[in-house]
Amino acid sequence: MMKKLPLEQLPAFLKGISETKTLVAPVEKGGQVNFDLWTEDSTLRLDVLKTVKSAKGAFFPQVEDIVHFQMQGKNIDIHPAEVLTEDFVLFGVRACDARSFELLDRVFLSDPTDPFYAARRAHGTVVTLACNRPEETCFCTNFGIDGADPAGDLSAWMTEDTLYFQANTEKGAALVAGLADCDDGEITETQNSIREILNKLPLSNLNLTGFEGDHLKERFDDPRWEELSRGCLGCGTCTFVCPTCQCYDVKDFDSGNGIRRFRCWDSCMFSDFTLMAHGTNRPTQKERFRQRFMHKLVYFPSNNDGIYSCVGCGRCLEKCPQSNHIVNVIKTLGVKEDA
Amino acid sequence: MQKIGVFVCWCGSNIAATVDVKAVAEALKSEAGVVFSTDYQYMCSENGQAMIRQAIREHGLTGIVVCSCSPRMHEATFRKTAVSAGLNPYMVEIANIREQCSWIHKDMAEGTEKAIVLARAAVAKLHKNAPLTAGTSPVTKRALVIGGGIAGIQTALDVADAGFEVDIVEKAPTIGGRMAQLDKTFPTLDCSACILTPKMVEAAQHEKINIISYAELDSLSGFVGNFTATIRKKARYIDEDKCTGCGVCTEKCPSRKGLDDFNMKLNKRGAVYIPFAQAIPNVAVIDPEQCLKLRTGKCGLCQKVCSAKAVNFEQKDELIERQYGAIVVATGFKPIDASAFNEYAYNDSPDVVTSLEFERIMNAAGPTKGQLVRPSDREHPHEIVFIQCVGSRCTEDAEKGKPYCSKICCMYTAKHAMLVREKYPDVNVHVFYIDARTPGKNFDEFYRRAVEQYGVDYIKGMVGKVSVEGKKLHVQGSDLLNGEQVHINADMVVLATAIEPDPTARALGTMLTASMDTNDFFTEAHPKLRPVESPTAGVFLSGVAQGPKDIPETVAQAGAAAAKVIGLLCKNELTCNACVAHANEAACNGCSQCERVCPYGAISYEEREIRSPEFRGVRRIAVVNEAVCQGCGACTVTCPSAAMDLKGFTNSQIMSEVDAICR
Amino acid sequence: MSLTNQVTAADILRISGVDASRCMQCGKCSGACPNYDEMDIPPHRFAIMVRQGRITELMESQAIYRCLSCFACSQRCPRNVEPAKLIEAVRLTVIRQKGQNHMKADSIPEKLDEKLPQQAIVSAMRKYSK
Amino acid sequence: MSMNREWTPNIVAFCCNWCSYAGADLAGSGRMNYPANVKIIRIPCSCRLNPMFILRAFQRGADGVILCGCHPGDCHYSTGNYYARRRMTVLFSLLDYMGIERGRTRVEWVSAAEGAKFAATMNDFVKTVTELGENKKLGDLRCKK
Amino acid sequence: MIVNRLQELLQDDENLQFVGWEKGETPFDRTPKTFTAETLGNLCYDSFCGSNLSKYLLSQKTDKKTVVLLKPCDSYSFNQLCTERRLNRDAYHVIGVGCKGKIDGEKIRKTGIKGILSVREEGETLKIETLYGTTEIPRKDVLLDKCLACKGKEHKCADEVLGESEDTCVGDKYETVAKLEAMTPDERFAFWREELSKCIRCNACRNACPACSCIKCVFDNPNSGVQNKAAADDFEENLFHIIRAYHVAGRCTDCGECSRVCPQGIPLHLLNRKIIRDVNEFYGDYQAGDAIGQRHPLTDFTFEDSEPNAERKGGGK
């Protein structure tokens, strides 16, 4: 059974949640909208389709302590960092980001399970929001994602004056237990209009043939990587705004009294990514660039039942300083294959 | 991981009175890497050093920290101690717990706590130390002396006598310099030429000395032991090898407009000339500004009369490139331009002359053949006024003049006064002086002789104004001792003008990267302890180029500079500074910024094959010449990629110290 | 009002802006002084007496009135001591101690006289207006 | 450090080897007093001071950082302090622009003969930094004890 | 017009390569690219080619003579890189392309115009077709910030110039710097905290910056002592941006790429511009990249330079 909430009651609803749980939602800070702690003073921006960073930080933060070594003279005490024990709610996630969690689960929850990630997933409730106004950079449809029907523990649709909820799990249902019931049909019109736009999107019909696992060697050796990677600056913008990139580096910080070992997001675009004693196996930006897209479009699907490690959120299309992104790669390498 | 020993010195009670040395030694035991820590009354004593040596051997220490007095005091001592126990000398760090701790703090707890922090910082730095070995560079066994005056000649002779080749580069057509222009020398009144010219001849005939006259240093590269100099030998339009110095050309030259520099422009000379009779090389030179042939293409009389066929109007400047191990600057001085001092009517009357002009007038080989006459009318003067300190001892903010005392004027003025009175007892001589400065062997006796024996009228006070009144010069001055104004109607006025470094010195200083003071005198490496060396290694100072001095001092300094040069050239190779900059090839951009800030020109660039994660291929890389680098570190901060680091004071060493201090 | 109020070397320094201690007693100022014979204390002694704090003697001297303000001494001084400024400073101190005889710009018109040289007015203003 | 003691600032002083370090030694020889919370790091020349070292000191808990070098014109390496002067001028201005109090950074020229100046400078600098209080803006929380 | 001229050049030397921009997927996508005789037809130059190609040249070293398109503002960076011996002037034929200000797609999106399918320039107006209808916006409202601080229409290193340029500078480019200077230290600190706390350390500012061209950045170098990949706390956020601004001091040409590429919209150029303003004030006017071979103010000095301790509050040109 669906629930509904008049929009003007949304602040009170969020306040209610925040009283017992940490609430994370798209809020504006310094002119940018990102998922961040919601408080009554926050500027909630549900109208913004794409936060700068994806929502993955709620489960996989950019920087996270792992263990702390405390020096006592010449002795060392070891204090592992604690995993999350408190519940939180992640509100306003779009369909693409919601799908990214499933992809991250495949990495972090498969053996060996990442305890920090697992704890956050267990304690987090994801509330998604349908995409009323998809944008030209959206291409989620290529990956079987329906912006009109987002997943998550609780899905939401917003009309001009009302917020509709559909619980998909018990965690989700618990959040909206106190709201008024309503009929499923009340959101049909909204869904239809969303789907109509989704069909019109310029990038909604990308040809992904040729990226399956059995073309690995061909794709890897494709001479066009050279040309494609030329403009790449080797920055990590695409990686850090991406909902599915999950690489991290483990670093030590020597505070003088001890060592804090933490992990932080890493980018395969960086020159020192997976740098080893012997040097690097990706010596130029061509190899690094290839790695990122081979991983998303070839390696990941080969290892994960054909699922691409891209959800088509389009953030990299908007943010790449050189406009050199995954759609270029798909079109350059894919279309030629087709022809 | 290092195995570090910590040695805390009591320095008797100097440290132990305000620092609990035992507590410091104990606290340091718990520092990572410290395997031995102790204290002792006097670490620098033989017993203390023996203790260090023993600990190094027993505990297999890889480095030691000595907590003691300033490293400026005993760092060298403890480095030697370490070496004698088999450690690299750069594996020693000093924690300065005396000058910078026990002596400035009164409270024991405070002092002890700070001493522990300082010792920890030294340990932290030592963890990042690496053994350093000073490099070596070969020595070219030839010296370059710039300037062929008495300073340059003496230095060259001394160096050559020790068996090393010396080149003298002299910008004038002859060596001899200022001393050649002098008539007599104080305090002995012996003839200047009589003592100088034998030296000039000796230099010319010395098999190890090569005189390059009428030449200037064009450019210089390299460093101590390995300089490469380019010398520009100016065209003199006379073939030096052919000219016999017979002087026929100088007599036949129809041009008579050139001013005779050697005689302070008091007379005219031909366009082709030999500066003076004893010139070395005794070869004519053509002044292209005056020569009719060179200016208009007509004449060539000298060429016709030269039986040696030495005149060559086609001659061009010649560039000579030579290697040198050492360079001596002996560029000397010139009197300042007296025309700024028109209160003494220098511009208004030819009878107001400078001392050096007076020197030429008194000289038997001078423009008046040694007859004392007024330049204006060649009449014999009866009243001569000497004015001291013209342009010396002025404040820096004064409109004109120099802030320093020119040192020689008191004595040469006494000499002039005495010579005049000796030769012409009818002439009254007045000397206006501020202070009569005569500190030197037999100097004050000399001055007193002028007053007592020769009756020179010394007036303490200065001349305020000299005005031309008909044929006379009205001198108005103040007699400070009598408290009265003095008015003298003089026939001549002689100005004891200040001396200043030769105008070529500044450009030369830049070329040599040798520092200069604001007056363009070359700076010595240490004003007391290294007075004949420039801060730039391999560059030595001789004579007035370094500061005002008289002939005996100049000769003494010339000899001292020669001794330093000989000391350098004796070595087959030089040990370099071990704490030098070094560029990490993998990170160097080759951007040239470090080169720009290096005061020694120690950085150059090479194309090198690089294989790093970021770059594969050939790239321009900074290379530090370890023989030249003095280890200031200017380059390290300019380098944006921190590719440039300074051994002994690396980024990580200094940051470790910071970390330990702030911990 | 007496002249015995204690005036110090520092006061003269402040008024004149001249550091008398820079004087090396060369006497070039006195040598240049066109009115030397009239000056009971010649310019070079101003410098040394100011330095010694003998201001009262200077204030009682005639020289402070006989100085022509020609600035020859200042112009010649090799050490920028500017004796003329010292003399003027002493003179000013005397005038100030005597009280209300300052000259004001307003009072100039009534003092004007066709024969009076312009420079005298300027000089008087300089001497008596501070 | 004991907890109950009154807060005193932690000062890092970078001194060039030739002038200021010797000046600091002279202050010691003259038994002049300055606070114990000034700790000196010897560098060959003021031009060796990398801005990273200053930031590092602030990160690790310094409350003030001072650079002492030879007087302009007296540099042992002839020009090092001129570069240091420009670098620090630009850096201090930038830090000020980012809201870091100006009083926390300083450059003083102290010759080997100026022991008294060194002590007076340190006393004055400690006083200034004490008045500014603890460095909270440029500290690294992980380095707090 | 440009492509025609480039084709002419090809007739003299068919081995030439060309560095310019290529149209991409969205209306704003202009990707730096190297073209050969065969692909030259894809070269595009229009109002969306905001990116600075000078830095791009660094990674495009080949033996072939390269023809590069540079806007007036890009030419400063090109010169600076030549000064620093990173580029060899002789290897390039520089075509100065006319520029009347470039359009910022991000700014259009920020106005609330979404789902943009095409943008057409009609004089001073942009006609924008979106998924939700068509709309218009004045061109001058959506120029890149760097164009509002335009250094003028002069090409500093062009071998030839094609097309007209316009100086699009609006007002005093130091206005915001002055505003910040006028604040109290605490206000300034708060301003920069809010801005820098958005930093995600993607390194786009650094990697796009033509001055930040180090082969091995100190922040990537484990031996530098400051290496880090992500800002673990406020200090590290400050550190990165202080050091970055400082390292380009005297070398930054104020090209504005840092702020253009920042995904979080941090006004990073305000740090550089502060230094530029200071350097001009203390050491005389200096424009990095004005000519090849300049000695920048931090590798230079005069005996009379001002002292670091001087109190310099706000204002004051």
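Note that the chains take the letters A, B, C, D and E in the order they are written out, and that residue 1 is the start of every chain.
By definition in this document, a contact is a pair of C-beta atoms (placed from the backbone, for glycine too) under 8 Å apart; a residue touches a chain by one contact, two chains touch by 3 or more.
All figures in this text were calculated on a predicted structure; none of them were measured in a lab.
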Message: Show me the overlap between the contact partners of subunit A and those of subunit C.
response: B
Statement: Neighbours of subunit E that also touch subunit C are B
Message: Over the chains that touch one another, what is the least number of steps taking subunit B to subunit E?
response: 1
Query: Hey, which chain is the most central one here, using CA centres?
result: D
Message: What's the farthest chain from subunit C if centres are computed as the mean of the Cα atoms?
response: A
Message: From the centre of subunit B, which other chain's Cα mean sits the farthest off?
response: A
Query: If you average the CA atoms of subunit A and of subunit D, how far apart do the two points sit, in angstrom?
result: 47
- request: Starting from the mean Cα coordinates of subunit D and subunit E, work out the distance between those two points in Å.
  value: 36
Field: Centroid distance [mean C-alpha coordinates] between subunit C and subunit B, Å
entry: 45
Statement: Residue ranges of subunit D touching at least 2 other chains are 51-52, 56, 60, 73, 79, 83, 87, 140, 142-143
- prompt: For subunit A, which residues are shared contacts with two or more other chains?
  reply: 253, 256-257, 260, 271-272
- request: Would you give the residues of subunit B that are in contact with at least 2 other chains, written as numbers and ranges?
  value: 597, 612, 614, 638, 642, 651, 655, 659, 662-663
- prompt: All pairs of touching chains?
  reply: A-B, A-D, A-E, B-C, B-D, B-E, D-E
- line: subunit B partner, complex, touching residues on subunit C are 22, 24-33, 36-37, 42, 44, 72-73, 76-80
Message: Help me check something: in the complex, which residues belonging to subunit B touch subunit A?
response: 30, 32, 612-614, 616, 659-660, 662-663
Contact set on subunit A toward subunit D in their complex: 253, 255-257, 260
Statement: Per the touch rule, the subunit B residues reaching subunit C in their complex are 343, 389, 393-395, 397-398, 401, 432, 434, 460-465, 476-478, 480, 483, 485
Statement: Seen from subunit D, its contact residues with subunit B in the complex are 1, 10, 12, 21-22, 24-29, 31-34, 36-37, 39-45, 47-53, 56-57, 60-62, 73, 76-80, 83, 87, 119, 143
